[in-house]
Amino acid sequence: MKVPYVKAINDALKEEMRRDGKIVVYGEDVAEFGGIFGETRGLLEEFGPKRVRNTPIAETAIVSSAVGAAITGLRPCVELMYADFTMVAFTEIFHLVGKWRYMHGPEYKLPLVIRCASGASNGAGSEHSNVVESLFMHAPGLTIITPSCAYDAKGLLKSAIRSDNPVLFCEPKQLYQAKQEIADDVYGSDYTIPIGVADVKRPGRDVTLVAIGLMVPRALEAAEKLSAEGIEVEVIDPRTLAPLDTDTIYQSIRKTHRAAIVEESGKTAGIGAELIARFQEEQYDELDGPVVRIAALDVPMPYNIPMEKYAIPDVERICASIRAMMK
Amino acid sequence: MQYSKEFLLEIHKNLLETRLLEEKMKDLYAQGRVPGHVHSGVGQEAAYVGTLSTRKPGDYFKLTHRPTAMPRMLGTPLEMLFGELLAKKTGNSGGRGGSLHIGELRTGVLGMSGTLGCDAGVAVGAALTLDMEGRDNIVYMFMGDGTSSRGPVYEAMNLAAAWKLPVLFVCENNQFAISTHVSTSIPVENALADRAAGYGMPARVADGTDVLAVYEAAKEMSEYVRDRKGPAVLECKDYRWRGHFEGDQCAYRDGAVAKEWMENRDCVKNLEAMLARQGVLTAEEAAAQRSAFDAEMEAAIAQAEAAPSMTPDEIYDGLYA
Amino acid sequence: MVEGTISEWKAAEGALIQKGDAIMEYENEKNTIEYESVHGGYLHILEPAGETVEVGRPIAWVTETKEEYDALTGGGAPAAAESAPAAVPARQTAPAPAEAPAPQGRRHVRATGLARKMAREAVIDLADVPAGSGPDGRRVAARDVTAYLESRRAAPAAASAVPAAVEDEVTAIPWTGVRKTIARNMMTSLQQSAQCTAMCEVDVTELLALRRKLVEGEAYLGCRVTVNDLLCMAVCKVLKNHPTVNATFDGKTLYSHKHVQLSLAVATEGGLMVPVIKNADTLTLTELSLAAKDLGRRARDKALRNGEQSCGTCTVSNVGMFPIDMSTPILNPPEVGIFGFGRTTRKPGYLPDGTLAPREMMWVYLTFDHRVVDGLEAGKVFKDLQYLLEHPQLITA
């Protein structure tokens, strides 16, 4: 069947809540409204008001209470709506979620998931369009997941909910309505996808293109075009940004000897900055040219939609960057 | 209120031991035996001991960095407490957290955030667990007057009230946020109690140097919470005898005022005088208790000092489950 | 043209020049050329006369106004290392970035990590690999190393492509030690200099006659003078008149020597040795003869001392004992010349009076580095050498 990304999220939540009564879902507008993107639709009806709760607009309390609930036995899966609002609760995520176990002792477990909708989405403006993974990659103790398709979204969210480690789960808004063909028996099979394992979305021999979130489908489209020009691009989706599956990426680099990163976040100190640093430290001898970052422009996301589109890498920009590096 | 002799001796024991521990920690620090910092809570013991005397098994506690010794009253062994203070493997987190981050889930101590007030929501989350599990326990959420000004505290209080969760918010008002006096930073008489109405919570203000007065106010508020009527506020007024941390010379405040508090409002001295008057505890018995506990502490410190420290190959241990 | 040498500035520093003025003269590989300014203004010279400058590096600025000139020269003129993409960029105000001139010593090779690894593993010097990658084509990438390695493989493979008629037997001889050093030196020499060999046949009848007389006086002289001693003596005399051949060259600078440090190519069982007769031009014939004998013997006995094979300024290679008329000897870098002498053959020759007579003829040849020694100079050398050998009394004069 054709599965929209948002349905995969919704189904993962429902399936896990049916499986485990310790799971609670709360956040702003997740109950009757069913989430502003429809991602929690039907949860209140099925699981009732104790397990599915609206919160006040109070991101710090949503996150810190999830820590308290998690260490005392619940498995909260909370929502911060826009990824931008993680910054309201930056201290809570950085200090409490990431460090509470390490600094209090090994009997502490934090089986909690913080979901957020990230990235630009047609004129949402500069405080509703951010991509935040790179901000939190700096925080020890966090697991950060960004799925790029419905299949991955469902399997990874289920793994995130089952993990005893805290997970920041980023869902690219522009993908919510993207549909993926998944066989019915596979989709309904209670499959999970392991955390920390990258996926080679398309094999290729000439250049390794690490693509994240919304950029994965664009990278695949670019790879198709470049293939016609004789450049075979290997597209790798890390899926989990922390911990990062460098093995899969390095294996690819050892094959292609060239690498690029495409991300929806801003270029400066973005995800690519970290990846490049690691590549040159650990794979210097394998690289046959500079690693290239293809990223959003370092501007507050403009409200003007053509400018918003211009600010984010598109298929043409990806193609042009790869062509230039393969010259 | 009438108290049994056992109750009075128990509350005295906890008060005295907390005092002795706080003094011991500052002495250890002065001797250069503590790797980090010590935030002494000498003089503030009654607010905690009185409140925590209303606890029941299964309750949760979000303590603060002052008094550092409070987990002891709730069941943390002395070796573990000193182990953490001295950054040894025998400490709660093996020396990874330190005295600002002491937690022990076995005894219900949830842990602490070094960024004050961010952990108010942790208490609310623990209360959510109690609510979901249908337990009749409550969560004690302690904070100081300084922390009472932080936004996360109000988000947490608002959420607890909105969801009617069993949290007793306790403000131990020692009048100073490091060097800043409440009179210049908090626009109401009672830092947290006066703000409780904004969340529809009842509040009581108690003399934080009178352990029985604290106990009585805490009893009333904790029973309100335990009866599932919603969260409530207790504020205990006392005075921070020492600096914010050891080494702080307190040049920002009037020494005469501090002296007045220390001489006339000493919660341990005043309780012992009352117990002596009532014939519950003689001065000799109190002195014997002191030396016995001192020996217990010295043994625990010796054990902690002899304990191994974490090694570089263990530095990542505990980061992930 | 990849570089040129400024031979003369015809306009002075700070001079007001007109568009079209010949302001400078430079030399390239073939000519001396006058440079006409394409802009008028005030001249600020960056590279003085005598400098050799690669194409693309600024050698001067021309400002439109005196104020600009003053600002340029007074307020911190741009360093010569900064560069722009023209031989003489006029009115440059913002030099474009380009590779800084190579520092003395080992040149930094721009190469990728993978290229470096491949070079390490193939035991090749990355500096030898022609660069062809990167945005400006000046970076060595993996494909450049691969191409280089393939080209090296291809050459010997072609030479050995001979069909085997009989069953062959192969003995593997590890080429190590001195042999390996000789092999590398030979290869390096041919790869890194522009070698050219010239030759002429000389009548040495008189020379051999002189030599016979000298041998007769062996007891008096205290040594038995050889033909080679006389040839070496002649070479020293010639070199004194041709300092650009008695010289060493490092690719940037030609070092001409006052005295002749004469390298002798000595064939030994252990391989070719090249001991040096120090200040050979200052020695008498007998001194030279004794020194040559001593060095030759010790070379064959592997008894040469440290330093006795270095710092030569020109080499003599004599193959007269073999039936070889001539060869093309390989330069002994950083020297720029090596003289060779073939066997002597009796041939009919015309005497000055037109009569035919048997003459002793010898091929004399010289390999020289055409980067520094041009054909004219080589011709003059041969002219002098031939005259000396045919008038041997001048050799000892």
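A, B and C are the chain letters, set down in written order, and residue numbers restart from 1 in every chain.
Quick note on the criterion: contacts are C-beta pairs under 8 Å (C-beta built on N, C-alpha and C of every residue); 3 or more make two chains touch, one makes a residue touch a chain.
What you are looking at is a predicted structure, and each value in this text was computed from that prediction instead of being measured.
S.K.: Specify the chain most distant from chain B by Cα centroid.
M.R.: Measuring from the centre of chain B, the most distant chain centre belongs to C.
S.K.: If you tally C-beta pairs in contact for every chain pair, which pair wins? Let me know.
M.R.: Top-ranked chain pair by contacting C-beta pairs: A-B.
S.K.: Between chain B and chain C, what distance separates the C-alpha centroids? Give it in angstrom.
M.R.: Distance between chain centres: 88 Å.
S.K.: How far is the middle of chain A from the middle of chain C, if each middle is the mean of its Cα atoms, in Å?
M.R.: Taking the mean C-alpha position of each chain, the two centres sit 64 Å apart.
S.K.: On a C-alpha centroid basis, what's the spacing between chain A and chain B, in Å?
M.R.: Taking the average C-alpha coordinate of chain A and of chain B, the gap between them is 40 Å.
S.K.: Among the residues of chain B, which ones contact at least 2 other chains?
M.R.: none
S.K.: Which stretch or stretches of chain A touch chain C in the complex?
M.R.: 257, 280, 283-289, 327
S.K.: Give every residue of chain C touching chain A within the complex, in rising order.
M.R.: 112-117, 133-135, 139, 141-143
S.K.: Would you mind writing out the residues of chain B in touch with chain A in their complex?
M.R.: 60, 92-94, 96-98, 101-106, 110-111, 113-115, 118-133, 151-152, 155-156, 158-159, 162-163, 317-321
S.K.: Would you tell me which residues of chain A are touching chain B in their complex?
M.R.: 24, 50-51, 53, 55-56, 58-74, 76, 91-92, 95-96, 100-110, 140-141, 143, 163-165
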